[in-house]
């Protein structure tokens, strides 16, 4: 059942699966974002892909809010028919950033999760090949994109 | 009388000769010098004047100078022609505004460059390849007749099979070089060479047999003489086309330069050669191209036959041979600018599915044409 | 990157960064004879840490590093960043500036597609003819860029609030002349490439990507449209002046290298039409709104701008914390998505060693965009 | 005495050798960063670098000039070192663009490396990306350097 407008999609999500998600917001036309709970994020992702038609994975990345002590992992997804873009967000505590990997649902997230792992240190359980993607294999300089990264040459 | 005593006797005799006769002979030699030198010169002059023809053959026409000069000019022409196809100028400053010295500069630089032998490569085989590669086509070219009696190596009436035998040796070298260089690209390149030559060699041999059949003799000179009434390209048009395609395949020119495909295998089986080794392999590629083109001209385009321009028949024949060579080289370089490279399986399919049956058909037609037999 | 184990009968070849056809990346292929069993794209050789650098640059300074992500198509990348900054800081852009932006983006797209043609042709060994023709035609566009912005490649012409300078007079009929010249030239390309039987033999039926796989694996740009999915950000979320320009989204059904090539061809024709429309109907008016040199952002604002670059859909997501510099800039690069599709193609259909460069450059990867 | 005797012979061979090396510089087909379109334009039709005899070659064994075109990341730095070691002896390095010389616009990034701590460099070409005329000027400077330094007596002075 394809919802016509963004508001209906958000209302439906809140009504159907309140226990899976914290919040669902409409940013602007054709752009919705959903903040999911860390433990139940796999089920919500499967529902989004199968029932709501968000089958095209666009990208994934993380943001490090050092002041609030949390990291937010964002999955950008696209519905090819209605051209809606959905940002599935998951909040992770900074001290143990662990998260189930999305590669079983959207296979193309493989590269993006590897990059988030090497840049932020988020550990994705169940990822087939969690190795360095962009940094050299023998990189020991910590996680570059974290706010408290003291690599050489960086003057925040 | 065992061996040791024999040796001792020999040494004693030597010592006696040194003490007694040696000074006498030296003095006689010095006294006879004033008469000896003019004699020597005369002998040398007679030697050159008497066998002027073989010397000219060895050095000039089908020999060394012609081969090296062709390699130089072909490389220069190809780079300029390709540059023109790319709407640019090509080598320009190297030889006073025309770049004709460019190839000499390249080869001289390669000559003085350090060549690197990979440490766990088979040194003997690795160094043997650049030596063998140019010699085999050069050896084959000596059989080509530039005139009815202007053949360097007279194979006694069997020059066509001898040429094919020698030219058939050429693919063996890339195969063992690829393995010897101990590099993954060269191994794949050498396998591809093996596939390519097998599929390309057999149609050529069958077409050559067809022309020999039509001419009635296995000697290249007789084949050319038999083409006096009409060139063999017209009665054997299928063979003509097959041989042309086979020529490009044997010389590894662009539609079929699968073994040294720059874009997949870095340089194919030539990846590990550097410096003077690479210089020889590059020259060898042009020599095999020259060899097969000359055979193609002799078999199908009437060798040295052509209307006489200068008085002396020898000069006419050589002129016509070089003119036809130039035309074929231009066409093949033109093909290189127009067509992309084929995949290995497409080339093999062409070789086995199309060239092979067509060449057999051509052989059948020649038999019918020659003897009119209805089998 | 830890090396996965190798099966005995398979030979692992590494097309290192130094390989005529590998560009700036390393491709590990498991080869069994001539058939490629598995492709592993070892990217990251040109990772310059642009996302970390942008956190250390003010909003306007950030244009310089992000433009160097895709040098052939700087216009679209810079537009993505500048639009995100305008959305984050709430800056208005005058109408004429939008039209100029669309004009330059289309010229950049043609420039980048020429690059794609050149490499896809070169990797079939068709080196002399078409590959160097593309440099000749690119000079025409580079002269136009140079006349307008002063630089050939990274011209930093888009700034938050509009465009740095107005079109010099006489520029519009130069655009018309260039469009007419390029139309003639692309007829030559069509004859030299699409009508060439050997070139078609090398490209047809190679690297087939079906419609479902294209969506499932997250392909984008000409790769996606080559498989029959008509997704184009210029139509879905019109930005700059694309709302009131009429052009078609090109799709092909087969999804093989030849289809992707034809998609790029027709896209260039559409871009030429757009350039002509802009040259005829560009409105007058100011070119830039007044923006302070160091604009300060409101805390906690997010802005995601999506732009259709020549290689696919680029997303720039800016998070601000009220300072002079962006808190975090997330770049969704199109080539990273296409490289994953390239890795999976080995399992989707039978790939030979000679086909690999053809497939790789039908996807038109730009490794600097992939590694950021 | 030996020096005076060999001087004229050295002079002729020197001239010949440096002339040959000057006019056939074969850069290896290797671009490391974002100046690669400019390198293609230089080998293209308008600014044709083959006029000077510079022909990009595929395999590193046959090349004697490593043109480092564009930014060098940390991972790419090792490959530049491997390539430099694999080349035959009279080898030159041309650093094209601001990034290899001083890390250019990515001066404060954790992932970029300057070329000076990787390989000895002969010619630096500034610009980001450098104009094609600048690259050709750099190649002519390299030819000048070869003419002066790269003859037989290179090691003597």
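The letters A, B, C and D name the chains in turn, as written, and every chain counts its residues from 1.
Keep this in mind: a residue touches a chain if its C-beta (ideal position, glycine included) is under 8 Å from a C-beta of that chain, and two chains touch if they have at least 3 such contacts.
Keep in mind it's a predicted model, so treat the numbers as computed, not measured.
*Asks:* Look at the interfaces A-C and A-D and say which one is made up of more C-beta pairs in contact.
*Replies:* More contacting C-beta pairs are found at A-C.
*Asks:* If you average the CA atoms of chain A and of chain C, how many Å lie between those two points?
*Replies:* 25
*Asks:* Suppose each chain is reduced to the average of its Cα coordinates; what separation in Å results between chain A and chain B?
*Replies:* Measuring from centre to centre gives 66 Å for this pair.
*Asks:* For chain A and chain D, let me know how many angstrom lie between their CA-based centres, rounded off.
*Replies:* 46
*Asks:* Taking each chain's centre as its mean C-alpha position, how far apart are chain B and chain D in Å?
*Replies:* Spacing between the chain centres: roughly 36 Å.
*Asks:* At least two other chains touched by the same residue of chain B: list those residues.
*Replies:* Each of 86-88, 262, 266 in chain B touches at least two other chains.
*Asks:* Enumerate the residues of chain A that touch no fewer than two other chains.
*Replies:* 135-136, 144, 149, 154-155
*Asks:* Hey, what residues on chain C touch two or more of the other chains?
*Replies:* 19-20, 44, 47, 49, 52, 56, 132-133, 136, 371
*Asks:* Take each protein chain as a node, join two nodes whenever their chains touch, and name the resulting shape: line, ring, star, complete or other.
*Replies:* Shape = other; not a path, cycle, star or full graph.
*Asks:* Can you identify all of the chain pairs that touch?
*Replies:* Touching chain pairs, listed by label, come out as A-C, A-D, B-C, B-D, C-D.
*Asks:* With touch defined as at the start, can you tell me which chain A residues reach chain C in the complex?
*Replies:* 27, 30-31, 55-59, 61, 63-64, 74, 76, 78, 80, 83, 85, 87, 106-108, 110-112, 129, 131-137, 144-145, 149, 154-156
*Asks:* Mind listing the chain C positions that touch chain D in their complex?
*Replies:* Against chain D, the touching part of chain C is residues 16-20, 23-24, 44-50, 52-53, 56, 64-65, 68-69, 71-72, 115, 118, 132-133, 135-136, 138-139, 142, 152-154, 368, 371.
*Asks:* So in the complex, which bits of chain D are touching chain A?
*Replies:* Residues 74-75, 78, 107-111.
*Asks:* In their shared complex, at which residues does chain D touch chain C?
*Replies:* 28-38, 40-41, 43-46, 58, 60, 70-71, 73, 75-76, 79, 83, 105-106, 108-112, 128-129, 131
*Asks:* Taking the complex as given, what residues does chain D use to touch chain B?
*Replies:* Touching chain B: residues 16-17, 19-24, 44-46, 48, 50-53, 55, 58-59, 61-62, 64, 86, 88-90 of chain D.
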